[in-house]
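As structure tokens, the structure follows; a few thoughts come after it.
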Amino acid sequence: MPLVTEPTRAVQVLSAPLVIEYPFKRTTGPVVGAFLTGLRERILLGTRASDGRVIVPPAESDPVTGDDLTELVEVGPGGEVTTWAWVHHPHPKHPLDRPFAWALVRLDGADTAMLHVVDAGTVDAMRTGMRVEPRWRDEREGAIGDLACFTPEQG
Amino acid sequence: MVDVVLPESLRGVEPVRSVRIPARLEYRYTPGAASSRFLRGIAEKRILGERCSVCQKVYVPPRGACPTDGVPTAEQVELAHAGTVVSFCVVNVAFYGQEMEIPYVTANIRLDGSDLPIMHLIQECPADEVRIGMRVEAVWVDDADLGPTLESIRWFRPTGEPDADVDIPGEGVGTGLGSWVGGTAPGEGP
Amino acid sequence: MGKDRVAVVGIGQTEHQATRGDVSMAGLVREAAARALADAEVSWADIDAVVIGKAPDFFEGVMMPELYLADALGASGKPLFRVHTAGSVGGSTSIVAAQLVQAGIHERVLTVAFEKQSESEAMWALSMPIPFQPPLHAGAGGYFAPHIRSYIRRAQAPDHIGILVALKDRTNALRNPHAHLHEHDITFHSIKDSLMLWDPIRYAETCPSSDGACAMVLASEAVGDEAAAAGRTPAWVHGTAMRSEPTMSADRDTVLPLGGAQCAAEVYRQAGITDPRRQVDCAEIYVPFSWFEPMWLENLGFAEPGQGWRLVEDGATALDGDLPVNMSGGVLSSNPIGASGMLRFAEAAMQVRGAAGEHQVDGARLAVGHAYGGGSQFFAMWVVGADKP
Amino acid sequence: MKRDVAVISFAQSAHVRAVDSENEVEMLMPVVGDVLGAIDMTMDDIGFTCSGSTDYLAGQAFSFVMILDGVGPWPPIQESHVEMDGAWALYEAWVKLQLGEIDTALVYCCARASAGDLPMVLTRQLDPYTAGPLWPDSISLAALQARALIDAGKATEADMAEVAARSRRAALDNPVAQLAWDRPAGELLTEDHLVAPLRRHDCPPISDGVAAVALAAGDAAGDRCRRPAWISGIDHRVEPIHLGLRDLTESRSTRLAAERAGVHDGPLDVAELHAPFTHQELILRDALGLDATTAVNPSGGALAANPMMTAGLVRIGEVASHIHDGTANRGVAHATSGPCLQQNLVCVLEGDGAGGRRR
């Protein structure tokens, strides 16, 4: 016969690690694909919008009219930091393993700034408006990580 | 597909069409108090359901709430290790994370004394002999391997008892099912 | 206060494929949305609000992807709303969008639903491991097969009914240029001989895994009237309903769920339907495994309990039957999960607009769209008509 | 003409760093019991139920499906779910009530943000091709916004510290707050930066918690609640996700939503702003046009407790509570979603005396 008891409310509650991991394979379409192709070839691209602005990373659609954007134009390689944040203690998932800056960088010829990191060594080397240039990874595959980081422009 | 105009420097270059972006996130999973009570019981080779004080239904595994009444299930009920196959599926395909030899049978098994079937494996019986109404019992892993997981029950196997009458979930509830055709659905009001 | 009339004035869908390798996620939703806008002869700027739906975010590995898609959906500066009600989401997304017009809040609402399952793998996302639980489920088929077996026993249905449904839907899909599966060589025997994946479900009785999107422009009565005057027949919404029930209730009937029956009763009440079998001209219902056609025919009041399979056997649900079901080829022929419900709703609307092309039901004036999700516990339906309600 | 709809009850759990002894169903049940019990109602009295959550918080697909069992949805109910903050679930319920077919609604949400590494989990919201792979955590992105605000001369680190000090001090009077203390702003500024220019005090805690709201339309509201908090306006707007496409120093979408919701149609006694970071309160005050006559975040706001997907609904509930108990006549609640205030909802609530209820 079933034994009936009061539930043991003081039970030690269980917990366990749960890992969500998947090697997502993303198809890029022509616009994002062109941007990533450019990175592989060490070329930075934006799309030209209907109002003439150049948007980087390239937008697939016009922020004003909503229409498809199809004209890809070369920008950079240098640019200007429009805002930045200094990371004293990088997270293991961050792109750099030493203190660095997140930054919005407006590349030469672009009208909008893109998000990436600046390897500046120390926080004192960072300022809004500073000039930066890309540092490319040696092994490139057509991904945002091909652009390893920006660095303060020399000279 | 949209046709794009590329700058001179990228014309004739093999374009990137896809990109592989692995992502890993680490979480801490907590099954909650009721499930922990249940799983701690399993680790001791006991199957503990919980009864709703309103509708008197016994839920196993308990989730802490009676989904009919929205109240905590307060009363613990120890259940038999035997039950009846309510329905089942013969699986002929291997899946991610699945180490069973195919074909294998997964079944909805209503343990004696409970009101909701659990899903588990049927083994020690050819797949084509499994049937609705078959009486089955739990086969536990060795005591040394018992743990707070339903995997402590390796599978269920036939008891050899005569088949039981199966009340397919919902069949005996008297909701009228689809018999409201052309009229008013049960519970919907005029 | 009260309910204004709402019309479907634009419909678009993508070509559905296992992998849409030619587009990004944004490109996929824009393909459907742009076609819906073109159909409605409106521009992105004419849209007041966007309502988007999809199934779990883990499919694409983007959390709340509508945030990233805001620009692609032309939603910048506008309200953007995201619905998620499991497999019924494409239906409930359409209903939420319709209600924004019915409540008089917006004039033109763009609603979109999508899934790009190829970014991950549906089986992975649907059966992600949960600690303390053995990995038994073997996907959605493993979950639903016992319910189908219960139905077969309860209705004493012959084994070949599932095969007949699959043959019908896949044959209908040959007339639908957007469908994922175009199996020109399919026969009764090729289905019968296909692998019994989750007995009683055969491989050929199972939905595919697709990339795809669907979109509609829902609009006010005034906009619907303009469309009609311009010769672009709108579909008028005659009723919408949603019902949900618990996962673990002991009272639940997983074969003919009460929530499904109540959802149908409510949507028919709104549409003034008292005899669905006679009054409804055609229906697109959510059938991911072939046996769900007879089950839902009973649940939705098109047949008495236990008799749904006879409609299949008699050919009543064929394209030339008296109650055509899944004229588009259904979920069995295209299954971008998040969009699958909206595709049902959209096909119902296409039928009453007389715009369903090769899979048009002659003279269809009142049609039902249906979607379900979870463990047969979330339901969304609408009734659309060629005439104003 | 809109139908009069009011918040008639609000309940929330204590917000804590981590609930580890309960699953979401167990967390939710008592709060639903509280919100309905306070107005002497049960699920049978509710016409429509809507919830908000995201699978990414606890790492489980279809997490809302099992959570629904916690409200006892039997016989079957009219129900919906948004993969958004509960404030948007309330918006859906408000729309549903406009149709005149039902008179009552329940809105709930449940946050277990502690299960994962939240600032990293939130990177999964970003553009999956060009931003997500860099794992720019939510604190770093907020820091970019704070710097832009400082560079534009619209705020200083001292202004931000004042927000932190005032919010955590206010939280001392909020029994469900997670983070409450009384320290002078000047002292806060002596601490090191976490992600410069943000210090730890500029950032929200990670919180687990539950909230629920009951809505009623027309006479049904007055029947159950002595002083209903009427929703006189509600609207929400979104902006592009890419930070480079926005002026980070202002919240255009909040400004738009505020105009549509009629924020400026009368004086505001209280504002509850979903500003997870100190500088965001300054941006939102500006976008909403708030002045010194409005008490901002008397609960301590998201700086006192920030249960993801729930904190927005809590803001609406907090303003409603002030109207219920007569300490305010008219107030505004705000909810946000996405990086750096990408998407914003504004809800104006009024008591009967505020002249807002259209009859």
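A, B, C and D label the chains in the order they appear, each numbered from 1.
The working rule: a contact is a pair of C-beta atoms (placed from the backbone, for glycine too) under 8 Å apart; a residue touches a chain by one contact, two chains touch by 3 or more.
The structure displayed is predicted, hence computed values, not measured ones.
Chemist: Counting C-beta pairs in contact, which comes out ahead: B-C or A-C?
Modeler: Most contacts of the two pairs: B-C.
Chemist: Between chain A and chain C, what's the gap in Å when you average each chain's C-alpha atoms?
Modeler: 36
Chemist: With centres defined as the mean C-alpha position, give me the chain B-chain C separation in Å.
Modeler: Distance between chain centres: 26 Å.
Chemist: Averaging over Cα atoms per chain, report the distance between chain A and chain B in Å.
Modeler: Spacing between the chain centres: roughly 41 Å.
Chemist: Using mean CA coordinates as chain centres, what's the chain A-chain D distance in Å?
Modeler: The separation of the two C-alpha centroids amounts to 28 Å.
Chemist: Give the residues of chain B that touch two or more other chains, as numbers and ranges in rising order.
Modeler: Within chain B, the residues that touch at least two other chains are 1-2, 17-19, 21, 23, 25-35, 39, 63, 67-68, 148, 187.
Chemist: Scan chain C for residues touching two or more other chains and write them down.
Modeler: 21-25, 27, 58, 60-61, 71, 76, 121, 124, 128-132, 246-249, 251-252, 257-258, 262, in rising order.
Chemist: Going by the contact rule already set, what residues in chain A reach two or more other chains?
Modeler: 13-18, 20, 22, 24-32, 36, 59-60, 63, 68, 143
Chemist: If each chain is a dot and touching chains are joined, what shape do you get: line, ring, star, complete or other?
Modeler: Here the contact pattern is complete, since every chain touches every other one.
Chemist: Give the list of chain D residues in touch with chain C in this complex.
Modeler: 1-3, 49, 54-56, 60-62, 64-66, 68-69, 72-84, 88, 91-92, 95-96, 98-101, 121-122, 124-129, 132, 235-242, 245, 252-253, 256, 337-339, 342-343
Chemist: Mind pulling up the chain C residues that touch chain B in the complex?
Modeler: Residues in contact with chain B: 21-23, 27, 61, 121, 123-124, 127, 129-139, 141-142, 145-147, 149-150, 153-154, 195-199, 201, 246-258, 261-262, 264-266, 274-277, 298-305.
Chemist: What residues on chain A touch chain B, complex-wise?
Modeler: 2-9, 11-31, 33-34, 36-38, 40-41, 43, 45, 60, 68, 70-74, 141-143
Chemist: Mind pulling up the chain B residues that touch chain D in the complex?
Modeler: 19, 21, 23, 25-35, 63-72, 187
Chemist: With touch defined as at the start, can you tell me which chain A residues reach chain C in the complex?
Modeler: 14, 16-18, 20, 22, 24-32, 59-61, 63, 65-68
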